[in-house]
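As structure tokens, here come the structures.
Two complexes follow with subunit A in common, the first pairing it with subunit B and the second with subunit C.
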Partner chain A sequence: MPLLDVQDLHASFVIRQGTVRAVDGVSFTLEEGESLGLVGESGCGKTTAALSLLRLLPPNGRIDSGKILYQGRDVLTFNAEEVRRFRWKEISIIFQGAMNALNPVQRVGDQIAEAIRLHQPISQKEAGKQAQALLERVELEGRRINDYPHEFSGGQRQRVMIAMALACRPRIVIGDEPTTALDVMVQAQIFELVESLRKELGMAMILITHDLSVLGDTCDRAAVMYAGQIVEIGPIEILFQSPCHPYARCLLRSFPRLQGPRSMADSIPGTPPNLIEVPPGCRFHPRCQEVMAICSREQPLLLERGPRHNVACHLYGKGIDDA
Partner chain B sequence: MTPEILRVEELKVHYPLRSGFLQGLSGAVKKVVRAVDGVSFSIGEGEVFALVGESGCGKTTTGKAVLDLLEPDCVSGKIEFLGKDLLRMKTMEMKQFRRRAQMIFQDPYQSLNPRETVYDIVSEPLAIHRLARSKADRRERVAASLEDAGLKPALDFLERYPYELSGGQRQRVAIAAALIMEPRFLVADEPVSMLDVSVRADILKLMVSLRDRYRISYLFITHDLALSWVLADHAAIMYLGKIVEMGPAEAVIQKPLHPYSQALVEVMPQPEPRAGRTRTILRGEAPNPVQMPSGCRFHPRCPIPLPRCNEEEPALQELESGRRAACWRL
Partner chain C sequence: MATLQGRQTTWSLFRANRMGMAGLILFLFFVLVAVFGPILWPYDPMEFGSPADALQPPSAAHWLGTDDMGRDVLRGLIAGSRVSLVVGILATVVSMSVGAFVGLVAGYLGKGVDAVLMRFTDVFLVLPWLPLMLILAALLGASLWNIILVIGLTGWAGTARLVRAQALAVKERPFVERARALGASRWGIMGRHVLPNVFPLIFANTILIVAVSILSETTLSFLGMGDSTRPSWGMMLHFAFASGAISNGAYWFLVPPGLCVLLVVLAFTFMGYALDEVLNPKLRRR
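Right, the complex of A and B next:
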């Protein structure tokens, strides 16, 4: 049994213009200790999918259907108390902007201690000690538990976020663009730290990013999302070397390689569809270079193409029986 | 040799740090932030010169200084635009310069006035410089500029507001507003870092096509080495207010000489599986530019320091033809 098994997840937001189907039938599994990348452009539903796992959608968002099986139990059937115990203890999240995710008027030690005490019946003093140890774990000085978030640099704040995410020793950590606003050197430091902690503590990880190239250092597998759906999921080597889905190929080409040719690849024509009214058939077909007649009629299924490698594209076998 | 558009010599930008009243009375030495601390380079006509470095290294300050956008008291050194000293230009010359040198900012969500239409935004420079002969002429020029920036047909965009446009389209509007002055030189400060990867290529290609068409020179400011790899003719790597290495972009990125540039190249994330890549991750972060380290300012983080590195500062010396680096090891 996988640690996490997401089955046909649908989540949507209600806005004035209509219902945005941000996540529209997403399925994937995550094994113990494994690291999965979730890649896609802004608005593809990657963050919504991740927040759904923690049942953390904003008030205008809701999970419409599907299953999120964590160790065989469906998170979507949990009551409020079960959710409270589950969140952060089992799955925690490192948010993108540490400045916004941390409380600016509370000492970071107290913030970490609060997370610990929500799940463990220990004294404030004991929690403070643990917070100090956690800061040292992320290579900050323990005495900095008394500092406020503004006294840290961007990279250090992200380390505080990591310490906080580790506070309850979760089995899964979600990283939502954890290094987007950081410099490359700090980004490398953060990923190195996350990797060593992950190995040491045996945690699984879901890394959400728009930057395909950062997956190489951290992920075993990756899922490429487009317009609320996974279009390809498989081992990172395959996605980097021979991606199958035309969108995955375009996305990969968009990143110039230092060893590659000194020219810009073609961009992907058009824009992603509006998720209130999605195009019929394959959602990528209006922008696809290899579009066929069937693509505008039938939605391709995410079919197996190799070991742990699935692709949703009519180029590879019939999605639905064509007859 | 291509003719030179911009020459910068020993540019320094030092900001005085505000001190308390009592500190002022006690006559303590005023602290300064040495944001840019002796930078020299030149850009030829139609050339893309990349200034690469991490946040706080002074690359944006350098870009603003060469456009004379900073408090003059803080800036020293020599900036020559088409052979004329920028810091000594007369009013009329300065006006000419303001037309010929333009800037594209990083964030098209913040750089465009949300209450103005695309037409207002793009035509404003014409009004300021009183360049349009008539209303019809102005409209024509705005349309031509928008089409140059790839917003076609221009008529569809004239009356729209920024919020109606995508990030890529907004950046094109910003480019059109710069182009309408028929610039010779553009400072592009991280022009694609706020955009999704799939539209980045379009904006960069637009920059290249404008260079080819109008011989525009660029100072391209970026933290992303991969972008300078595909775009730049020359590249300079900055660290704490100084250029540590400079040369043809291809050479600097493929065979970096300075330990800092080497580390920067090594940590660049690449879409490749992790197997077999060795890399040096520098510890810590760049020090505070108020208290500069002694000697080479990179020595506290350098993986291979020498004894003399914390005593003497190495000069940016020519090593091979066209390549310069500042390191005692070389």
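Right, the complex of A and C next:
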């Protein structure tokens, strides 16, 4: 049984213009200790999918259907108290923009201690000691538990967020673009830290990122999302070497190469579809260079292409491939 | 954000503000008088002087003269400072607590709760406060605690509006979402994350409310709704008015309590405006 098994998840937001189907039939699994990358253009539903795992959608969003099986139990059937106890204890998040994710008028030690005390019946003093140990774990001085967020640099604040994410020893950590707005050197340090801690503690990770080099360095598998759906999911080597879905090919090629002949990064013509009224058939077909007649009629299924490698594209549908 | 600066900076900005410092010095003077004055110059409102001592102008024995019952006006003033400050501050605590609670709950929970609480607040906002206070005071009876309660319970509506507006802004900030992700409950988030971020912004307002509360106490007492066992400045004005001190030209009975009310209210107003300037960067002089 996988640690996490998401089945046919649908989530939507109600806005004035209509209902935005931000996540529309997403399924994936995550094994113990595994690291899965989520990539795709802005607004393709990566963050919504990740936040849905903790049932953390904003008030205008809701999970419409599907199953989120965590160790075999469906998170979507939990009552409010069970959800409260599940959050952070089992799945924690490293938020993007650590400045804003920390309460400006509370000492960081107290904020880490809050995370611990919400899930363990221990004294404030004991939680404070653990917070100190956690800060040392992320290579900050333990005495800085008494400092306020504005007294930390951007990279240090992100370390505080990591310490907080580890506070309850969760099985899964979600990284929602954890290093945006940090400079490249600090980004590398943060990822190194996250990776070593993750391996040491045996945690699984879901990493949302735009940075393909980070994806290649840290993830075992990756899922490429387009317009609320996973179009291709598989081992990272296969995705980088021979992506199958035309969108995945464009996306992975849009990253300029450092070696080899100089070339302009390709951009994908057209714009992503409006998620209120999605195109019929394959959602990528208006922008696809290999579009076929069937593409505008039938939605492709996410079919197995190899071991743990699935693609949703008519190019690889049965019939064509078998022929 | 004002909240991001340490206490040190807030204090140094306040210290540089002349109006604020004038208010603070005035306030501290009245606090000293209220704390130590009655110990050094005890005053018993029930101890009347002989009729010969009534309404005597200032002299060496009575620096500010005597009132219609032959009591020393200066001692009465000193005793009154205690009542005015205590009522002003405690009534503010009551109205801030009610206002902060209503505003926080309405702003954070939103939807139906917000609609109901805000209509309730609107009622308190539009009801004329003086008749409301008079009716409540008459119903509850004249005691110091009832006066505090009456002033507090009629003055919270503005605070509730202010806190709600701030809570609406704060609840959209990412650390509130993070707190939800931690598994914190609604009340935990309101208490630990929203309130502390709202508080600095309403702090200046709190001090202005003290000034209004002191004025309310004076008004109630002047109208005869005060606790007669604990004479306040408002009550002195009431007796001065009732005994015809004005037509008798007994200015020493009338002017000092009026002046004291004015100075204390001015002290709080100055401090309130200065703090507003310090804590609200938009008003800060560059």
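In this text, the second predicted complex is superposed on the first by the 316 of 323 C-alpha atoms of A that agree within 3 Å, B and C clash if a C-alpha of one lies under 4 Å from a C-alpha of the other, contacts with A are read in each partner's own complex, and residues count from 1 in each chain.
One rule holds for everything that comes next: contacts are C-beta pairs under 8 Å (C-beta built on N, C-alpha and C of every residue); 3 or more make two chains touch, one makes a residue touch a chain.
Being a predicted model, the structure only gives us computed values, none of them experimental.
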So, after the overlay on subunit A, do subunit B and subunit C clash or fit? They fit
**Asked** Where does A:Val105 make contact in the superposed view: on subunit B (first), on subunit C (second), on both, or on neither?
**Response** second
Identify the partner contact of A:Lys89: answer first if only subunit B is touched, second if only subunit C is, both if each is, neither if none is. second
With both complexes overlaid on chain A, does A:Asp217 touch subunit B (first), subunit C (second), both or neither? first
In the superposed arrangement the C-alpha centres of subunit B and subunit C open, at the centre of subunit A, an angle in degrees to the nearest 10 of 80
Is A:Thr29 touching anything from subunit B or subunit C once the two structures are fitted on A? First, second, both or neither.
neither
* To do: Name the contact category of A:Ser153: first (subunit B only), second (subunit C only), both, or neither.
  => first
In this superposition, the partner of subunit A with more touched residues, subunit B or subunit C, is B
Touching partner for A:Ser296 - first (subunit B), second (subunit C), both, neither
neither
If we overlay the two complexes on their shared chain A, which of subunit B and subunit C does A:Phe240 touch? Say first, second, both or neither. first
Query: Of the partners subunit B and subunit C, which touch A:Ile268 in the superposed model: first, second, both, neither?
result: first
In the overlay, subunit B and subunit C get no closer at Cα level (Å) than 11
Dual-contact residues of subunit A (subunit B, subunit C) none
Given the complex, residues on subunit B that touch subunit A span 54-55, 166, 196-202, 204-205, 208, 223-227, 229-231, 250, 253-254, 263-265, 267-274, 279, 281-283, 285
Subunit A residues touching subunit C in their complex are 54, 56, 59, 83-89, 92-93, 95, 97, 100-106, 114-115, 118-119, 148, 150
In the complex, subunit C touches subunit A at residues 1, 3-4, 6, 110, 173-175, 177-185, 188, 192-193, 196-197, 200
Within the complex, subunit B is touched by subunit A residues 41-42, 153-155, 183-189, 192, 210-218, 236-237, 240-241, 250-252, 254-259, 262-268, 271
